[in-house]
Amino acid sequence: MGRLTRKGEVNLSGVFGIFSKNSNSVSQIIYYGLFALQHRGQISCGIAINNNGFLDYHKDLGLVHEVFSKDIFDRLRGNMGIGHVKYASSHEEQTQTNTEPVVMGYKKGAFALAFDGSIVNSNELRDKLKESNTVLQSDLDAEVIANVIAKNQCADLEDALNKTLNEIIGSYSLLLMTNDMLIGARDPNGLKPLSLGKLGDDYVLASESCAFDAIGGDFVRDIEPGEVVLINDNGIKTISKNFSERRPCLFELVYFARSDSFMDGKSIYRSRIEVGKQLARESQIDGDIVIGAPDSGIVFAIGYAEESKIPYAEGMIKNRYVGRTFIQPSQELREQGVRIKLNVLKENIEGKKVILVDDSIVRGTTIKRTVDMLREAGAKEIHVRIASPPVLYPCHLGMDTPSKDNLISANMEAEEIRELIGVDSLYFLTLEGLLKAIGNNGFCKGCFTGEYAVEEGKK
Amino acid sequence: MGRLTRKGEVNLSGVFGIFSKNSNSVSQIIYYGLFALQHRGQISCGIAINNNGFLDYHKDLGLVHEVFSKDIFDRLRGNMGIGHVKYASSHEEQTQTNTEPVVMGYKKGAFALAFDGSIVNSNELRDKLKESNTVLQSDLDAEVIANVIAKNQCADLEDALNKTLNEIIGSYSLLLMTNDMLIGARDPNGLKPLSLGKLGDDYVLASESCAFDAIGGDFVRDIEPGEVVLINDNGIKTISKNFSERRPCLFELVYFARSDSFMDGKSIYRSRIEVGKQLARESQIDGDIVIGAPDSGIVFAIGYAEESKIPYAEGMIKNRYVGRTFIQPSQELREQGVRIKLNVLKENIEGKKVILVDDSIVRGTTIKRTVDMLREAGAKEIHVRIASPPVLYPCHLGMDTPSKDNLISANMEAEEIRELIGVDSLYFLTLEGLLKAIGNNGFCKGCFTGEYAVEEGKK
Amino acid sequence: MGRLTRKGEVNLSGVFGIFSKNSNSVSQIIYYGLFALQHRGQISCGIAINNNGFLDYHKDLGLVHEVFSKDIFDRLRGNMGIGHVKYASSHEEQTQTNTEPVVMGYKKGAFALAFDGSIVNSNELRDKLKESNTVLQSDLDAEVIANVIAKNQCADLEDALNKTLNEIIGSYSLLLMTNDMLIGARDPNGLKPLSLGKLGDDYVLASESCAFDAIGGDFVRDIEPGEVVLINDNGIKTISKNFSERRPCLFELVYFARSDSFMDGKSIYRSRIEVGKQLARESQIDGDIVIGAPDSGIVFAIGYAEESKIPYAEGMIKNRYVGRTFIQPSQELREQGVRIKLNVLKENIEGKKVILVDDSIVRGTTIKRTVDMLREAGAKEIHVRIASPPVLYPCHLGMDTPSKDNLISANMEAEEIRELIGVDSLYFLTLEGLLKAIGNNGFCKGCFTGEYAVEEGKK
Amino acid sequence: MGRLTRKGEVNLSGVFGIFSKNSNSVSQIIYYGLFALQHRGQISCGIAINNNGFLDYHKDLGLVHEVFSKDIFDRLRGNMGIGHVKYASSHEEQTQTNTEPVVMGYKKGAFALAFDGSIVNSNELRDKLKESNTVLQSDLDAEVIANVIAKNQCADLEDALNKTLNEIIGSYSLLLMTNDMLIGARDPNGLKPLSLGKLGDDYVLASESCAFDAIGGDFVRDIEPGEVVLINDNGIKTISKNFSERRPCLFELVYFARSDSFMDGKSIYRSRIEVGKQLARESQIDGDIVIGAPDSGIVFAIGYAEESKIPYAEGMIKNRYVGRTFIQPSQELREQGVRIKLNVLKENIEGKKVILVDDSIVRGTTIKRTVDMLREAGAKEIHVRIASPPVLYPCHLGMDTPSKDNLISANMEAEEIRELIGVDSLYFLTLEGLLKAIGNNGFCKGCFTGEYAVEEGKK
């Protein structure tokens, strides 16, 4: 999802937790788990560990390999821990303060919390907390939730959490850890993903199943929408089923997740191949080669090529070395033709009828840039095939897409967009076709239809 | 070329230089050029600038986006400059001292030097320099050459360089800059690549043509084997033709270069596709899917699939976030199944007859690991196809391949290797097939045949 | 105590703790307290805070102004906390791991520990812990003590601490904090200092009273030898009196402490002045000026001058900017006369009969260097007056002085030393004179007499 | 001069240069020289070296021990070099860009420049440079001068420098280095100091003679006002005498310089003792002790005590560990009594008639703070004695004192100040007394009289 990954545009995070009966050094396992989830967040990361009752942690801005070192693992010893990688959503500053897990003291000790999602009534909850003189230090929904839990001084933390989950509205998957248990919770609609795995005899929770592969573990099952599981010395049990209606995020499944993950019973890779094939069936056209916009369009393009029998080829080479501190070219240099991330494989494009497949069009700026590069390289014809319907509505539940003003499809017909980006044809997959390809699972399709699983709050 | 890129195993570097008549801020252009050449070296980088007669520079260990910042470009102002990215070859420590360009004072001022290659008589030259009391501070061939130039106190620097080039034996492409000219030189056999490009009216030199694309420039021509070009206010002229026999490195062309580069008249991408096709023709076998070992086998696999009509698929997902400071799993964790860089797309592999294409086998350890992962994922059959002949001889001219003891093909027959790595079939492309696919250009084929363009020195 | 402050030579630390009823931001107060105690340790520092039940902390190598920043204080919020500054003693590596406070989990939660002192049976305790499979990560006595406390699973932490204090032998003052109390303990002989202060209504504990001045607080009293005090919401109470024999360290009082501190009822400054006067009475000699060796001899010199009526003058200027990363001159440069920390005020020295006062002679190297500088500057006569008796025995209780081989007075008579350092006269204060000047308080005088308050263990 | 050293308030720098005939490693010598001059500037520092024709350099914000490391000295090899330490004056941002030496290319090569002083017509020169399209990157007068030199394309650099010195008006001492010579220049009035020394056979230039002591060298003589000396292989010669009227800065001599330096023939220490004695003669009063405000008043106080026969004592202890990143207490904490840099020695002050000597009063805030602390500590009487006349006028020539509005003596009579700071008596030394004590050397006394050696420009 190239177009969506600009900083501050996606409210995406990855969470990972493990409870081990035997090992006292789970922090490095969490590290590899987070590393497998790095595509879900590159702004900051953190790990909290239960070191025999004392919750120690380390978190900072940066990628997991930048934030953690051998020294830190020597310090972060314990049998249980949770980790987090995050994008900064648009309403969060990218500061050290806005990193997770959040670690807090409460009446009976301490707990740590890692969160992926978007709470639509977080402002309301913030106001309530302020009234009771709670000073919040960050922009994090996670900090709000942690403080509500701490305020809800119930008999035990499970009750406090359950009470809190009844107060928060939105999409989420969250992990909570005390000195003797690990809890995982998924929102009542299952908008956000959360999976259960095993590593030997130990239980593991992760946003995506690819994290289990990374640590040599096995996928067990998805946590159900609304389910809250508690893992401790006695094993795992479901302590609450807050189920509403199954409405997983369609975008999450088809566009965000790593293609080697399984989510709610589906292979992401296979789903994308099928979507690509459906796109080919709906919009077959004569062409010399099929190429994918890197990296988001690649798998769809392979499916498209398979179905259409038109050869798949690499149309562009992506430079893999762009880091967070990379100096972007000025507008002037850009106009002089400085190209840093992508280069066209002229050999493949020149004089060819090119079918360019991408996953979606949000603002329209990226696809325009890609098309321009293909034109310069001498493409004879360019046919753009988009593996999703037009994105017509902004999302407040996690995708954090731009306002309607900035969604090109909310303001232009496909034909106008075709003209604007200057291609020979442009086709958006139909919603029916999309659902046909991946099977309807009750998905929240709000960004395409305006009808959301959860309505927007005053955030 | 996954298997060769371990630090210290490849003596590869990238060089980039520009002489501008008008611009006074070429340093950022060099930055983007080096960024496009980052695949040629990730240990260190540097830029030297001619700021109106004063040679300023900045260089350090790290990737270009790590080493350079806006502040540094504000400082590095000038109309002419050279840059360098490097791997540390096996005989160089990875220290700040071993970074390039080398900047030196000599009788008439200062010059900067950036170097890609391997000097076989460098030890001999070092000894001579020591005899004349020169204190060398680094392990760099570049420093040796710079000091020989400085010692050769000729009428002018061009003569000193020419005299020096007659003294050094090996593979190289080098850039040298004083306060009024930029010189580029390629070794007499053209073992190392060097291309000439233009950016508007300004001349540019780079190890690979992809760097010209990156800055919005155009490829003009390859520098000829043995050619020395001088660029100054009067334009460009060839000041020396030290031509021997054209013997470009076969590995460089087919395996090292970026696939969007052109080298000695050939498209790298197209060459690889043709090699993949030839491999398919030589070793056709029944299979369900063709996959490439990431990333080195991908293009060959696409070619193989095209020729064999067996569908191309992604077999493994590569995690793109591994950085220099990444903590590798211990042997114990590795045995427990921790997989960090690659994950198999089980969906594609399970129950399938898989044709796995890779560029080469050097030690044999990487292919074994890849095959094991495919087995675990449930591949029904695995057929390995290698897009090069067996590597039988170590290279002293730049590839810096391991000693014969560590070259698996120097010690085992193909059938033995097949058994060791546990696959259903294994095939190496024939040298004839390779040359047929890419056209014979006089290549140095030393690693396959033991006959080198330049014999080994006492290095 | 210039001569003793070389890294690894003094086992000195500073501790500071505060329990506040109202404030939720004590971390900055601790910062200023530690800053006032910085002379007691410059290798590392740290602060642990009770944030509403959750013990958060930050510690690292470096001075307090280097280790702490505004960001960290925003994070370290809480009503109670302890801090630590330390020298690395000779048996500790200077690593991040060897920093305090030590924070640990135990059966009922977490606690933090900060320690100043030397446990003579620490090796024995280490062995016991290892037998029960405790993995120790540092060289710290504090970690040993913390683990013994955690093992001593008594009804409550107070009991566990008391039981532990009965097991450890040596010199110490230590602070221990849980989520609802702050404990301070001083060894049964009072070898190490610990003071109680108030800041408004809140109680404060510190190694030296100067820390109370720094935060605008007031000195209340010394913690008694063997006393353990507990501070919580109910105020302060003495929970244990483990008193043995009052044997405070004579060196601590007279040479280590900051001159503006009060310790066991005595003003450090006034004590030093009196010692200087006594020295003058014992060894009166004709001279033009009295100078102190910077900085350790200054106050003694002022006292000497006052008593002898010979004018006090500054004889040397100390460069205040030497930092931890300062590059020391090579032996060669030293011999060429490179002087970095001190410069003689020639104007004051040339042609003069100089009385040079210093606090002690340990190895003899520093006094020699100082004398040489005065000679070069043209001193006519140099008379050295030492404000302590000869140091004849190494100390295992905190001073961590060198072995007997390296103690010059253990190997040479005063006259031999005089000759060696090349001065006109040399005089050591008598032990009687020293005690007469400061009043006998039962002091441990082991370094002068060989009789220690606590005998050496197998450390 | 405690009161003047706040960042941005003093336009002070230190310069150091060496030309060696034999050594090829002068950079470490420069390091020790700069270290001795660190009191003249703590914001940034830098060294430029002539490495056999190539001018290499390193400079950054920070103290010399923070900015330089062994690695950098391995790189900065050469026989000749200059160094710089600086305060940021009020019109300079504290950025990496505003560091010296400035290194520049010009028609015939490169040169480096280090500067101490204040150019009153720098804005005018800046405007001229801008007209000729010179882009200036810093706020530095040094960069302006360097560019004017480069523009003045004379037959040789000496002429260009001389021409430039005729264009610049102000106070300065500057060092300029090319690949074959080192030049030192002092302004026509000798407002800024510059001394010549020798290290073996090699010549050294430094702002103050204490730098020669630090490197084991010898003071030779002061550079004369308006003198320009050139040092090269042929030795030293005076190439220009641009002498005007000798008007050295009175403040520089008496208050800024290190007390172990000699300046224009005078010992700084001895001068200050004499001033202190004169102050005692002018304002004798009955008292129990004489104390100096740390550190600026100490030597004056020693002189005062000597003359008055009232015992000198330490009244306050200064904490030596405040670093650049130290977190200052908030106003609230300050009011609660948090004292970080200074602590009163109560023992010495309580119940005493205290004579407090300081060098000057500028804003009046510091002396007020000091007096308050003495009062709190129980001083019976406080008598302030100031070792300079009232500062009535701001200085544009280096002291960079605040505007008249902020000079307390420009707005209040002594009696009003006495009342404001709340002391029993206050006395300022007379100008006559000051000159009598140190001998009249034509000093610029502008800050006391309003008559400056050089009139203010439009800076």
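A few notes on this one:
In this document, chain identifiers A, B, C and D correspond to the written order of the chains, with residue numbering beginning at 1 in each.
Just so we're on the same page, a residue touches a chain if its C-beta (ideal position, glycine included) is under 8 Å from a C-beta of that chain, and two chains touch if they have at least 3 such contacts.
Chain labels with UniProt names: A, B, C, D = Amidophosphoribosyltransferase.
Because the structure is predicted, anything quoted here is derived from the model rather than measured.
Common neighbours of subunit A and subunit B under the contact rule above are absent. Equivalent interface to A-B within the set B-D, C-D or A-C: C-D (over half of contact pairs identical by residue number). Distance between subunit C and subunit D, defined via averaged C-alpha coordinates, is recorded as 35 Å. Distance between subunit A and subunit D, defined via averaged C-alpha coordinates, is recorded as 58 Å.
Centre-to-centre separation of subunit B and subunit D, using mean CA positions: 54 Å. Contact of a single residue of subunit C with at least two other chains is seen at no position.
Pairs of chains meeting the touch criterion: A-B, A-C, B-D, C-D. Across the complex, subunit A is touched by residues 28-29, 31-32, 35-36, 38-39, 42, 63-66, 68-70, 73, 199, 210, 213-217, 258-260, 267, 269-270, 298-299, 302, 306, 311-314, 317, 319-327, 329, 333, 336-340, 343-348 of subunit B. Within the complex formed with subunit A, the residues of subunit C that make contact are 50-56, 71, 74-75, 77, 96-97, 103-110, 137, 150, 179.
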